[in-house]
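Presented sequentially are two complexes of chain A, the first with chain B as partner and the second with chain C.
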Partner chain A sequence: MGTVKIPIGPQHPALKEPESFLISLDGERIKDVGMRLGYNHRGVEKAAEGRTYIQNIYLIERVCGICSHSHSTAFIQAVEEVAGVEIPKRAKYIRSIVGELERVHSHLLWLGVAGHEVGFDTLLMYSWRDREVVMELLAAIGGNRVNYAMNTFGGARRDLDKDMLERILKAVDVLEDRTKYYINIATKETTLIKRLSGVGYISKDDVIKLGTVGPTGRASGISRDARKDDPYAAYGEVDFNVITDTHCDVYGRAVVRLLELMETYKIIRQLIKNIPDGDIAVRFPRRVPAGEATSRYEAPRGEDVHYVKGNGTDKPERVKLRAPTLANLMSVAKMLEDDNLADVPIAIAAIDPCFSCTDRMIKLEHSSGNSEIVTWGDLRKRSIDFYRTQHGIDFSELNKKYRGNL
Partner chain B sequence: MMMQLFYILIFPGFLFLYLMSFILEYEDRIIYARLQNRKGPPLFQPLADFIKLLAKEDIVPECADKKIFKLMPMIALTAVVTSFFYIPIWGVNSLYPFKGDLIVVLYLLTIPTVTFFLAGWSSTSLYSTIGAVRTLTQLFSYEVLLFLSVLSPAMLADSWSLGDMASFYNERPAMMLFNIVAFGMSLVAMLGKLEKVPFDIAEAETEIVGGTFTEYSGRLFAFFRMAINMEMVVGASLIAAVFLPFGLTLDPVYGFMLYIVKVFFVIFFLSVGRTVFARLRIDQMVSVCWKYFAPIAFAQIVLILIVKGVVL
Partner chain C sequence: MTELNKENAIKDKVTSKFSFMNEKVLVKRERRVYADVELSNFRQVFDYIVKDLEFCRICMITGFDEGENFGFMYHLTDDKGMIFDLKTYAPKTNPVIKTITDTFPGGVLYERELVDMFGVKVDGLPEGERYPLPDGWPEGQYPLRKDWNRDMLKD
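Here is the complex of A and B:
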């Protein structure tokens, strides 16, 4: 068949979000991968500069649909550092508990998606059914399945009472049981192992070179976890292991995520056992003094970094966030080298990508060196011309009529 | 003449096959759903899907070979329906039995796969082209397996005719037990033929969108789907006729009911198969089929030769 170029994305069943991978194939073998970001740029950073800190909590929480708590915690930690506010211990525990529950739901979601990408839909149905246990728990805690709104400056917004803590412990028992079952499947089911092992190989050196974070990096043998290296919230007071693996492939990433779930249950149990009594929040000033801070947070997908610069008003001067997918995306091209076309979906899915969180503005430059900036007015004019010439529909009358409103 | 037309068009011909394909699709989908802890579709869902597809717009790609693109679903359908006339359903004999009808059925069942290839190739989309190439690659790995596994009961019965085989096994029911390995292998081959998980490589949704059928829509796609569903009926009937040929001398009514049970039984295995496995890669499928399944099928033939020498 010779070399063909096949586009995976921006719209493709394997991808849940728009992202473009242009894959050069020699038969079924991948020769080269071209990647392109920027289909879902939402301008979150710029939007954050125009809003007050309180409004920004809600904006930042909506950066990602899965790790909403991660982003809001990372942002709030940075702002608290700038303001020099120390939050109560109980609030730290609550943040950690919700953060770990979020990790459970993210990892179970990933397991299902991975199953779907290799055509094992039964795994998808099972793991998403069990994920409902933790989803319902989160809904009971925060009133919402994904945006729990548990965070505020100076602490937590809601307390976890005794009944709720007990309920969490019970759910954790159920989930631990199910996770053991999935570990059993992932390490025993032949066709699944055949599809996962050896796929998306990336060596330890490459991981360090490309700055890969989270379970993807840990599956290649680097022991890097912000919870351990730079403890925040209540993680300094709990005992847990950083799971690493030496397979360096998708199988290793699956094993790391599953074993990490077991550690998560351990952490939740310790947190609930040791949670201190007391206030859940302290007063927080409306205006944040000038200063800057960077905050690291170990989101389910890897390290999430937020940078906040205050200027003494109630609005931040600059907010910069780096979602874990941005750090991991570069390694995908390396992973896909010399793999099969059939491995593309699972290799991409194995970094647990979240393209919408990642997307940044990019400026395209033509190879000739001429770049073109298209304004809103130009775009309107082009579309009106297009309809007149291609379809014979004339909008100029309507245009005149509504000109005042536009 | 009227009777002949009735046989061909109504029962056990086209209309019966048409209804049976919906019932079996329903069975397959509901078992798949129940095993995955889902509720599954209602009984009329396959029919509703078909009607809805018929009502949709037909889109033929501009660069496609339009004649072949439009013709292929019909050829697939015709080949499958024709093959059904040579499979015994409730009695020892099929509608139009003759010596060597087993070969004809196997040959006719290969035609749909070839039409899938041509359809994918002629629609010129990248995904379809890759799907088409995969369809052919797949064909070479399961087709031999299917032939080998169907060959062993035929060798034991010393006949290429489905009718003769059926009467042979009816006289000596215990002989069926020697074919159990081949029965398993034929189920594997049938999973490949029907392009179901773990062998749905040619239409792997997450890799190449819709594979061969990416560009198909509306009526043409509905006919392709119908052809695949009917292929499922014919394949299950063939396996039932070759490997489970008991109770064929019963009263036609009971015989027919027994046939339905047998077909449901075969489909049950296929559904379980597609529930418990992940999709293999094309290279893995070829190597599995040639390295493990084909030798097993050969071993079965050796066993049959020994049995023939010792018992008969």
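Here is the complex of A and C:
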């Protein structure tokens, strides 16, 4: 039988983003992968040229739902360098703390998606339940689950007070406890290990050649991490390890992300222990002088690279940015070579998908015309009651353990 | 305060290897080196930085519309956190550059972006799907040129 070509995408090819893959198959085996990208190109770089620097913070923060803090920090760092403004030390610590919390939310989200893609939906339910711990924390810090808007030119927009820092530490204890549980699963659960091992293989040489970044590159044995190599914010002042692995497959990528979370908790604890007192921002000029800067930021999926050129006005001359997925997509074709068709979703998802999850309140409209606001707490209570009354399973003790009272 | 020793060593290597690079290499700050090079000399300087100075990865390519010329900045990085921003130019009357995908196969999307967004020709760029504009995008419309605006799409 000849080659069969199967289009996957552009609607949701395993992840909630439009990309189109044309898979050539010999039987079940993938022989070749064609790719068409750009379905979601929004013209952000052009739009940035027509907006003031301040407006651009809000635009750039929305490049990505999950890495909102990553992109805004990368952009702001470049602008601050052009303007020659040094931010207060406390602001650097705040940026790093929020950045690491963002990494927790992104990696736990990925873990759930990975579980879902291989039919292990219990893992999805567990990891997304636990992820709520960090989502609620981010909402408490910035007023929103994904676009926390903590950044501004010259520093941070909000301080983290003593109570909030303590709350973060408590949440980190819970998250660390749960992450240990997932590490235990990932290293001992035979079904999961066998399903992920050998899938989406990419060698160290290919990773170097294709410029793969983030956990995907690190799982093929390259020790690249902008936090370590090109320290920004407060990363020059914390002690942590860059996690690498030599499996070179989806399993390795899972292990790297999970072990990386343990380093993240270590980083957050150090930052909170050592955060200096003082101002959180300095005054920043409305007009930015002529000049240029290239900035890097280690986002959860890999390195964000931003370039900003100023021309002395309040609008940038040129803004260029590259998100890690663009760097990593080139390696997907290589990863899929000779894999089975059924491995496509998890192999694509293993470079890490992305979608926004800003819903945080549900408004119910009764047919009688009365409406009712249901909060997260109410929803959680209802689901616990549902399981207790309908299925005889009581989650209330577990809920108390991880969240305290509702 | 750092002495910028590593950065200056890179600068010295480039200027002593190529006499035409005198005064064209700039140490901007810790871990940031910048250089400007004419298109005719671009490839030999690029190869030297990549192969001899071990800037083994391309982060991205930034295109510029600078009036009479297009600018192209290749953001190269080594494994020690250094970024080398190497910039070259091509006249708008003949906007042609050569591909670097022979060295960095992963750079293909960055070059396709220059083709779509600036209307630049990249010699040696492998055949493939365009990126990032849609298939039905009108001929001769290049969004990142300074004289382009959204209204030009209507009709």
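Observations, loosely collected:
One rule holds for everything that comes next: the second predicted complex is superposed on the first by the 348 of 406 C-alpha atoms of A that agree within 3 Å, B and C clash if a C-alpha of one lies under 4 Å from a C-alpha of the other, contacts with A are read in each partner's own complex, and residues count from 1 in each chain.
By definition in this document, contacts are C-beta pairs under 8 Å (C-beta built on N, C-alpha and C of every residue); 3 or more make two chains touch, one makes a residue touch a chain.
Given the structure is predicted, the values throughout are model-derived calculations rather than measurements.
Once the two complexes are overlaid on the shared chain, A:Val118 sits against chain B while remaining clear of chain C.
Of the two partner chains placed by superposition, A:Leu398 touches none, neither chain B nor chain C. When the shared chain is aligned, chain B comes close enough to touch A:Leu192, but chain C does not.
Of the two partner chains placed by superposition, A:Val174 touches none, neither chain B nor chain C. In the superposition on chain A, contact of A:Glu81 is made with chain C only, not with chain B. Of the two partner chains placed around the shared chain by superposition, neither chain B nor chain C is touched by A:Ala290. Touching of chain A by both chain B and chain C, each in its own complex, is seen for no residue at all. Considering their complex, residues 1, 4, 6-7, 12-14, 25, 28, 115-123, 125-126, 129, 189, 191-192, 194-195, 340-345 of chain A touch chain B. Of all residues in chain B, those touching chain A in their complex are 35-38, 126-127, 129-130, 133, 197-198, 200-201, 204-209, 275-284. Considering their complex, residues 28-29, 31-32, 56-60, 62-64, 73, 75, 79-81, 83, 85, 104-110, 117, 129-134, 143-144, 148 of chain C touch chain A.
Here chain A touches chain C in the complex through residues 34-39, 41, 43, 45-46, 81, 208-212, 223-224, 226, 228-231, 293-294, 296, 303, 305, 307, 309, 318, 320, 322, 326-327, 329-331, going by the rule given at the top.
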